[in-house]
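Naming follows writing order (A, B, C and D), and every chain is counted from residue 1.
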Amino acid sequence: MAILVNRESRVICQGITGRNGTFHSLACRDYGTKMVGGVTPGKQGEFVDGIPVFNTVWNAVQETGADVSLIFVPAAHAKDPILEAVDAGIQVIVCITEGIPPLDTASVLYTVREQGRFLIGPNTPGVISPPEECKVGIMPGYIHKPGPVGVISRSGTLTYEVVDQLTREGVGQSTCIGLGGDPIVGLGFVDVLKMFKDDPQTEAVVLIGEIGGSAEEEAAEYIKAGFGKPVVAYIAGRLAPPGKRMGHAGAIISGGSGTAQGKIKALEDAGVTVVQNITQVGTILKDLLG
Amino acid sequence: MAILVNRESRVICQGITGRNGTFHSLACRDYGTKMVGGVTPGKQGEFVDGIPVFNTVWNAVQETGADVSLIFVPAAHAKDPILEAVDAGIQVIVCITEGIPPLDTASVLYTVREQGRFLIGPNTPGVISPPEECKVGIMPGYIHKPGPVGVISRSGTLTYEVVDQLTREGVGQSTCIGLGGDPIVGLGFVDVLKMFKDDPQTEAVVLIGEIGGSAEEEAAEYIKAGFGKPVVAYIAGRLAPPGKRMGHAGAIISGGSGTAQGKIKALEDAGVTVVQNITQVGTILKDLLG
Amino acid sequence: MHLHEYQSKELLAKRGVQVPRGSLCYDPLEGLIAARQLRSDKVVLKAQVHAGGRGKAGAVAVVSMDEDIRARAAEVLGKRMVTEQTGPQGKPVSALLVEEVLHIDKEMYLGIILSRGSARITIMASPFGGVDIETLARDKPDQIYTTQVHPLRGLTDYKARAIAYRLSDSKKIATQIMDVIAAMYNTFLELDCSLVEINPLIVSGERVVALDAKITLDDSGLFRHPEMELWRDRSQEDSLELSAKKDGLSYIKLDGNIGCIVNGAGLAMATLDLISLHGGAPANFLDVGGGASEQVVGDAMSILLDDNRVKVIFINIFGGILRCDVLARGVIRALRRQQVAIPVIARIEGTNIHVGRRLFEESGLPVQMIGSLDEAAKRAVEVAKTV
Amino acid sequence: MHLHEYQSKELLAKRGVQVPRGSLCYDPLEGLIAARQLRSDKVVLKAQVHAGGRGKAGAVAVVSMDEDIRARAAEVLGKRMVTEQTGPQGKPVSALLVEEVLHIDKEMYLGIILSRGSARITIMASPFGGVDIETLARDKPDQIYTTQVHPLRGLTDYKARAIAYRLSDSKKIATQIMDVIAAMYNTFLELDCSLVEINPLIVSGERVVALDAKITLDDSGLFRHPEMELWRDRSQEDSLELSAKKDGLSYIKLDGNIGCIVNGAGLAMATLDLISLHGGAPANFLDVGGGASEQVVGDAMSILLDDNRVKVIFINIFGGILRCDVLARGVIRALRRQQVAIPVIARIEGTNIHVGRRLFEESGLPVQMIGSLDEAAKRAVEVAKTV
């Protein structure tokens, strides 16, 4: 099962002929993903190591039946390809691009939500479902292992760190999702928690939050109302000074809100096991499921 | 019963302190309509013959529970008040204003439809439900009579003509609606036919169409699929030369489509009694129901 | 309001669309000079009239520089041009567009309208241009691609791109077509158009060029573009219709002899139909509007009284906002001012009907009041036949 | 990117917002002349620093023309201003805004942000301005009105009107407030802002005036507004942070002595937390990014090596796109270039880990490789304490 992407997902890459687009399309295919096509206007008829290229997402969908898209395009032009994917009927859109102006993201997000599609990111490592051998993103595939833990995170490398710990402890993952480090992103914690709740394969969830915004507080509220599966959380940025952007555009404490302390308290109140030491996530999950 | 507006409708007038706004608000109230308020920015606290004036539709709705709005504002500024009415929760919006640029109407119509509201017009005489003593528009109230005939029309005075005939023949009306003479209007024939179909009080419908567009053809298709009540139709403009706008902005035959002949044929194919002589509508309905 | 081809091209060129080199000429000598300046073996002379079907009507001519250009220009300039869309009287040609002749590799079609049903701006495109869209719709319906624009989102690049790649596989050409689509869309939006059409849009070598263009501005949006009034070519419009519009009336000339005054467009159309049903021929469509003043009614009467084809005037008013007494006063004033004794058949109904009727009776003018609309129409037809 | 008050006011004034008369001065004499030109009994001197809380910190002073204006200006100009938001080191004041003093009938608040949850532009308004929005939210939560703008529709008049009439019953005042809201909204949209705030917006007689304004541009949108870079006041930003940004690094100075290099913002924050958990104090946040080059890694090392507070460098890399061998090469190069022998604790993991480890081992540099992140962090803390 897993969530969002699986063995049946038919994936295209928008920007497939670019350096990153080619590299990661092939890496995804190597992992097992059904990479059925790519889009680069003007290059229809070409192939990228056997993957056919189309002028428009519409053509790609018509010819390949694609339902998932992985987007690599420059931040200045990322709005249009996301809208194109939605319009062509793509269900799950993974936007890797970093540095998209938030007003652009907000604008496309309106249409994504109106049309009932799923946008992961922008500024995300993507999504991977190890039991389904499907990876749609830039995460190193080899650190993952099929299993019962769902991972949701606002951070990329921090997710790798946690997944690596889990795998080393012998605890596999159902689906791992990076929500993206921007202030405005598509799917949020609550959206993904709802999916994990309904996914029989997922037995526990690791939630990796960070300072800024109130997504973790909302997740806590949702979990409190009866999520029904154990959640282990870690919140990065306890030392962050207010007003400073900690790398991620979304990681900023402003006006006393968005602090790690507030988030930790909210999650603990919701019955979530909040880990202080990031290096203990693996062992805690092992104990929990063992 | 009747449709769209009834005894319970709580009506406000946007632009109530203007000449037309005041005149018709009072005329509607005289007919029996519950005119509960009006909107003119900057005049909150004033009254128009006892009807309270508010700065915003939001305030008016909060204070009066209004659910229907009658709009009299200049064409150049009609977009904003319609959107305001939708945002404030008004369900039925009657826009009398003539000469609104079609792109403005198209723009607001998107929001009206998205929010599931009803826009009558623009460029409409409005709607009246004689059995409910509710008139929201500029039609002369005294020619109407409560009864079983629903009237839908793209034209104002032509509706009066037909209603007058009906009343003289002793045939009353359930609800009479002017859809508006513009190319882009809110409610169309099919929308209103659906309502008439579900309205137990309506036993027959008079449909008054005119050249231009394909609204009558669509109505014919809908009726053919099983409307279940007798429909008598009249189509104005058999003599109209192609390419000439016959008064109404919507009444124009272009590229060979939108002709009276085409519409008459479609309606007759759907089993509709199409009247050639406008002066016979009253007697035909009398025979039909008698 | 229709624009001329040269005006349409100017608006599009301002937004980056490539058009043929050329210039507008008002007399044959100017035409010769313009043709020479193009430094080309052949030029095309295009009569500027508000009507389609110019090609078939000989309003577009490719001429060689060996020919007598002045003579060729003189064949059209100052003449009336009759096309399948002008009616038999034709339209005057006062200007000629003299353009270079381009090599044509491909003719495409692009048009933008506001679709009634969906209430969305709709882009129509076809890789087969050069014929009118109705013919295209009949002959190659599966070669017309229509795309709707979201009313709030506006035209997105990807929609323009999808259309462009349906017209051409070449990135170089498709990219230019995208720009043309964007320019057309912006024109449509910025000027409240009801039509923006390029037909044909051609590929000439590596260039995409608008060979012909047609823009119509929506009358309801004109108040936002007062500068466009300067571009109105009154010679292309009927002078009576124009002056009626100035008076706030909606008037259209027809071929008959029964002058009609009605309030409301629908009732006015129905009145014409009724007259025709009884064997008569209306001289006009005339809607005085829902809330006409005494002045406006008087102006409407004057237009009919000035029209010497009119044998009888038929007044059909269902007074709502327009009160019957106001109507009567306007009609009486106009009849008294005019010294002609034209018979008037009046069917009036509605607000203040009794006052209106009394005013007519007391006026002593040849106004016959008939209560039944059907009877009144029949009577008007009879009178028109006997006068 | 933060803008100064005077810059924010300039952007708003350009869009029609009324601001007090005044001018910007860089030295006390200029300040005196500017004050005299205002021809008023009293003027206000406002130090231009990127920090709130200026009022309490004495950065805003109303002075009478009887006083020694030059002396008063000299008290702030060229000094460092410490407010509750600057940190103890304060920020330099190089410019003073000298403005007229206006009679205040009412102080209001208007602010625009992009709300995360709804992903919509959100307008916040209160009839009680002059205090910061957090205090307002705490003290008068029911006196803050928030309105969300539809992302495709944009700001509509009726929304601006609804806000304006909540701030004032007077049509004259409300109409001006509507214009201010529109100007703020347009600024927000046109310049990709993350904050546009006027606090207080005052009523002075019949005028509505922005007494103070604060605009922050979103860094991700800056590429669309290269002209705004000219307005960047580098004196208000930490020089190390600035140079790091130039190198494509994300660096923030902290108070400790353990220099940190991490890839990924989340992992970098987690690393700081871990060091702190073990009793250490990080000298910085430093994210080299997901796909850093050897050059960027070297630049990052140099920043830490140049910081003489740093006693030990802790490298924590989970190589994904960033390969461990690239990292190792960058670190080794920087260490060799620098002649300082600072101990380095490295925990590296991921792509090409074996190559990276071998490179470090063969380098002969004082780099201690520790496989466990927890152990590595503990070790860094120990080393920092003993050095």
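We take it that a residue touches a chain if its C-beta (ideal position, glycine included) is under 8 Å from a C-beta of that chain, and two chains touch if they have at least 3 such contacts.
The model shown is predicted, which means the values in this text are computed figures rather than measured ones.
Note on connectivity: the fewest chain-to-chain touch steps from chain A to chain B number 2. Among the remaining chains, those touching chain A as well as chain C are D. Taking B-D and A-D together, the chain pair joined by more C-beta contacts is A-D.
One finds 56 Å separating the Cα centroids of chain B and chain D.
Between the Cα centres of chain B and chain C there is a gap of 28 Å. Averaged C-alpha coordinates put the centre of chain C at 59 Å from the centre of chain D. For chain C, the set of residues touching two or more other chains reads 150, 152-153.
In chain B, no residue touches at least two other chains. Judged by the touch criterion defined above, the protein chains form a pattern that is neither an open path, a ring nor a star, and not fully connected either. A list of each chain pair in contact follows: A-C, A-D, B-C, B-D, C-D.
Residues 75-76, 99-103, 105-107, 109-110, 125, 138-140, 143, 153-161, 164, 181-184, 208, 210-211, 213-215, 218, 234, 236-241, 243-251, 255-256, 260, 276-280 of chain B are the ones touching chain C in the complex. Listed in rising order, the residues of chain D touching chain A in the complex are 85, 87, 114, 116-117, 119-121, 133-134, 150-152, 189, 192, 194, 218-221, 223-224, 250, 252, 254, 262-270, 272-274, 276-277, 282, 285, 287, 290, 318-321, 349-351, 372-374, 377. The touching residues of chain C, when paired with chain A in their complex, are 153, 156-159, 161-162, 165, 169, 171, 174-175.
Considering their complex, residues 150, 152-153 of chain D touch chain C.
Within the complex formed with chain C, the chain A residues making contact are 41-42, 44, 55-59, 80-81, 83-84, 87, 111.
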